[in-house]
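Before anything else, here is the set of structures, which you'll find just below.
Across the two complexes that follow, chain A remains constant while its partner is chain B and subsequently chain C.
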Partner chain A sequence: MEMLNKYPIKSNDIASRILDGEAVVVLPMDSIVYTFDPVGTRIWDLITGNEKFFAIIKTIQNEYDVPAATAEQDTVEFINELVAKKMLILSELPDDRA
Partner chain B sequence: MTEHKTNNSHNSYDEFERQACAKSIPVYAQLELGYNCNLNCVHCYTVHNFKQKELSTNAVKKIIDQLAELGTLYLALTGGEIFTRDDFFDIANHARQKGFALRLYTNATLITPEIAKKIYDLKPLVVEISLYGVTPAIHDAITRVPGSLFQTVAAIRQLTNLGINVLIKTMVMNKNFTEIIQIKKFADEMGAEFRSDPVIMPKIDGAKHPTKYRINNENLYTYFKNINGRWKANKLNPDSPVCNAGKGVLLINPYGEVFPCVRIPIKAGDLRRQSLSTIWRESSALQQIRELTLSKLKTCTGCPDIDYCNPCPGLALVEHGDIRLPASECCRQAKARKVALG
Partner chain C sequence: MKKTTMTTLENFSFDSSHKKNYPYSVALKIADLPIVIMAENRDLIESAKTRYQKFLYRRTNFCLAIDIHLSDNIHFPNPDGTENFFNEQVFQEGRCCIRSNYFTGYIDINNNYGKVLCSNFDPLSWLEHFLRIAYAVVAIKNETIVFHGAGLIADKKGLVFFGPSGCGKSTVTRLSKHCAALGDDMIAIKKKNDHFNVYATPFNSEKNGFLLTNTEAVIKGFYRLIQHKTTFINKMSRANALAELLASISSINKNYQGSLTALSLCTQLVERIPCYELYFTPDNLFWRFLDGDAEQISD
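For the complex of A and B:
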């Protein structure tokens, strides 16, 4: 998939923290607070702006004891959900802020 | 992934804050950038201490860095009037880079089109604007600056036109009680949120003269009955914490002094001499507030109005010199709320 060669980059608009091991993200325009489960938090942590989508999937496949296809599907779904919610963009280039 | 909506359902946000309190993470901090203000509101609680120097840009940025390390997510930048500081956007942009959700407290009178654009670029969660009336005869009489209503309303229009979230906040007083409903209507027309509050605080040095603007019992009843009936009976248990001050919430004043919240004038530490994490972990003042549960309040546990009360240790301290005694204003409000909503 072409998108796996892209760089997930966190939006400039969000506010976020890792609180007690849980990622918490606030979207300023709708004020919703999202909290991520441990796997979601790990993926969020891996989104540095310098890692390609497929590299993040690889890391998740290596770190979690689940079939590779499951890890890939879950990571793709999660990142796509974040893109849909405008927490991330997928960029051809790495984040120049990183 | 789970989500809590904060803009309409405060219960969900309250749950998020409650969880943070249980973990002793100060998710919400108020940072007072200075007490300078171009208005002179009759009920203002701040007291400018001319013997102390307000923090420099770099000192404020270092405090913001410490708040980020401690886990603070929501940062309210307040004053005084925040736009009287020339370095405001330098500070605010630093806070955004550190991942904070910003709430800006302002009277909005200094917001020009250029400043409105800079606010838009900042992407704050919300701009909270004080509005006390819809006519100059009321609003300007409270701010004691002629023309201030015109400037504030113009700024509200500019911000809402840019799609910036605006919250109009009104202190409910005997001087503006007749216009509260019109203010709410104006907020609706502007697409802004509206919040009103009838708790007029004494000044932070204990001076009581702002409290003469509190509404009387009859209007308090009307207010709860017809204007702001949002209340869920507390059903507090004896071991419930009285409030979130010093647990999920903290305040830093323009001199770098730390307090449990804006209403509790007990100094927990001084950031000019100590780190924030040391203060947060070791302050006996914060510990004292954290340990305050309903059962430790001297007369509140058996009170028939307790389900309708927001006991405030800060008001109690100013009134009695003891955070465990009931503040008469809390009792008065609880009684009115119970009659109106019970």
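For the complex of A and C:
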């Protein structure tokens, strides 16, 4: 898939903090606060702006004891959900702020 | 039905000169932040002095000055085209613009100055709507959180009960007659001398018949209220507590800088102060679950 060659980059309009292995993400424009479970938090942590989508999937496949296809599907679904909620964009280029 | 063209901040001309203040004024201090409200209308200022009598302040240094102008026949239609009440805030170029059906105004965040055009009909009510939002915006700039919660003082320690509307904040306040009530809906939280203190605010509470005590106390615990058929308490994870606290802060709405400040302050709060889920029945049995307060139960 073409999107796996893109760089997930966090939006400028969010604020986040990781506490005890769980990410808390604030979306001020929508007045919403999200918390992520440990796997979601690990993916969030891997989104540095300099890692391609497929590299994040590879890391998750290596770190978790689940079938590679399951890890890929879950990671793709999670990142796509973050894109749909405007917490991320998928960019052709790495994040020049990173 | 009378239709009035919506006055917007673009076509309503405010005199932003700080030197031309209106003749009548009232000064308040809420959570150590002093505010002065100025108006041409003496009756409005006298009503405000009565309404906010526990928060009056007599000095002349302020972190926010607000000019109020009253006008007849003001009604701003809801931007969505309905007759529903609306209340919106927009941040642009250092200003927070605050609008509702019966007022429009702004806060110049960098210059600590605000101006509002209010309807002559029940102006104190519209002033309070504006003031509540304006104060929250200025407070977060001053590292003070305006928090949607109930604040009580028991045994000289502050307890903060919170959760969405209808979760039982007023019920808990009503069932805690042995405590000083700082508010059953909106309180302020501020770091002071390496502690976090909870303060009273004049917003909302006394409409519910509670007599507020304008004081402050070091916070001992946060309690997320959940009505249930039995009473018990669970300690929250810090991340969950952080998310719940942030969700109770209205001033982060559309305010990115405010959100960063709130995130930083709330992270410190959950690192220092325990946060619990308090499942409770509508009686005062819940006090048995608040450490060290069992003897405080009132009959």
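The definition used in the following text is that the second predicted complex is superposed on the first by the 98 of 98 C-alpha atoms of A that agree within 3 Å, B and C clash if a C-alpha of one lies under 4 Å from a C-alpha of the other, contacts with A are read in each partner's own complex, and residues count from 1 in each chain.
To be clear about the criterion, a contact is a pair of C-beta atoms (placed from the backbone, for glycine too) under 8 Å apart; a residue touches a chain by one contact, two chains touch by 3 or more.
Please read these numbers as outputs of a predicted model, since none were measured by experiment.
Undergrad: For the combined arrangement obtained by superposing on chain A, do chain B and chain C clash, or do they fit?
TA: Clash - chain B and chain C, as placed by superposing on chain A, overlap.
Undergrad: Please tell me which partner, chain B or chain C, touches more residues of chain A.
TA: Of the two chains, more chain A residues are contacted by B.
Undergrad: Is A:Glu81 touching the first partner chain B, the second partner chain C, both, or neither of them?
TA: First partner only, chain B.
Undergrad: Could you say whether A:Pro8 touches chain B, chain C, both of them, or neither, answering first, second, both or neither?
TA: After superposing on A, A:Pro8 lies clear of both chain B and chain C.
Undergrad: Let me test your reading of the model: by the given contact rule, A:Gly40 touches which partner, first (chain B), second (chain C), both or neither?
TA: first
Undergrad: Looking at chain A, which of its residues have contacts with both chain B and chain C?
TA: Touching chain B in the first complex and chain C in the second, residues 13, 15-17, 19-20, 24, 26, 28-29, 31, 33-35 of chain A appear in both lists.
Undergrad: Which residues of chain B touch chain A in the complex?
TA: Residue list for chain B touching chain A: 1-7, 12-13, 16, 20, 23, 25, 27, 68, 71-74, 96, 99-102, 123-126, 163, 165.
Undergrad: Write out the stretch or stretches of chain A touching chain B in their complex.
TA: 12-17, 19-20, 24, 26, 28-37, 40, 78, 81
Undergrad: Residue numbers of chain A touching chain C in their complex, please.
TA: Those in contact with chain C are residues 13, 15-24, 26, 28-29, 31, 33-35.
Undergrad: Could you pull out which chain C residues touch chain A in their complex?
TA: Residues of chain C touching chain A: 237-240, 242-243, 246-247, 252-256, 258-260, 262-263, 267, 270.
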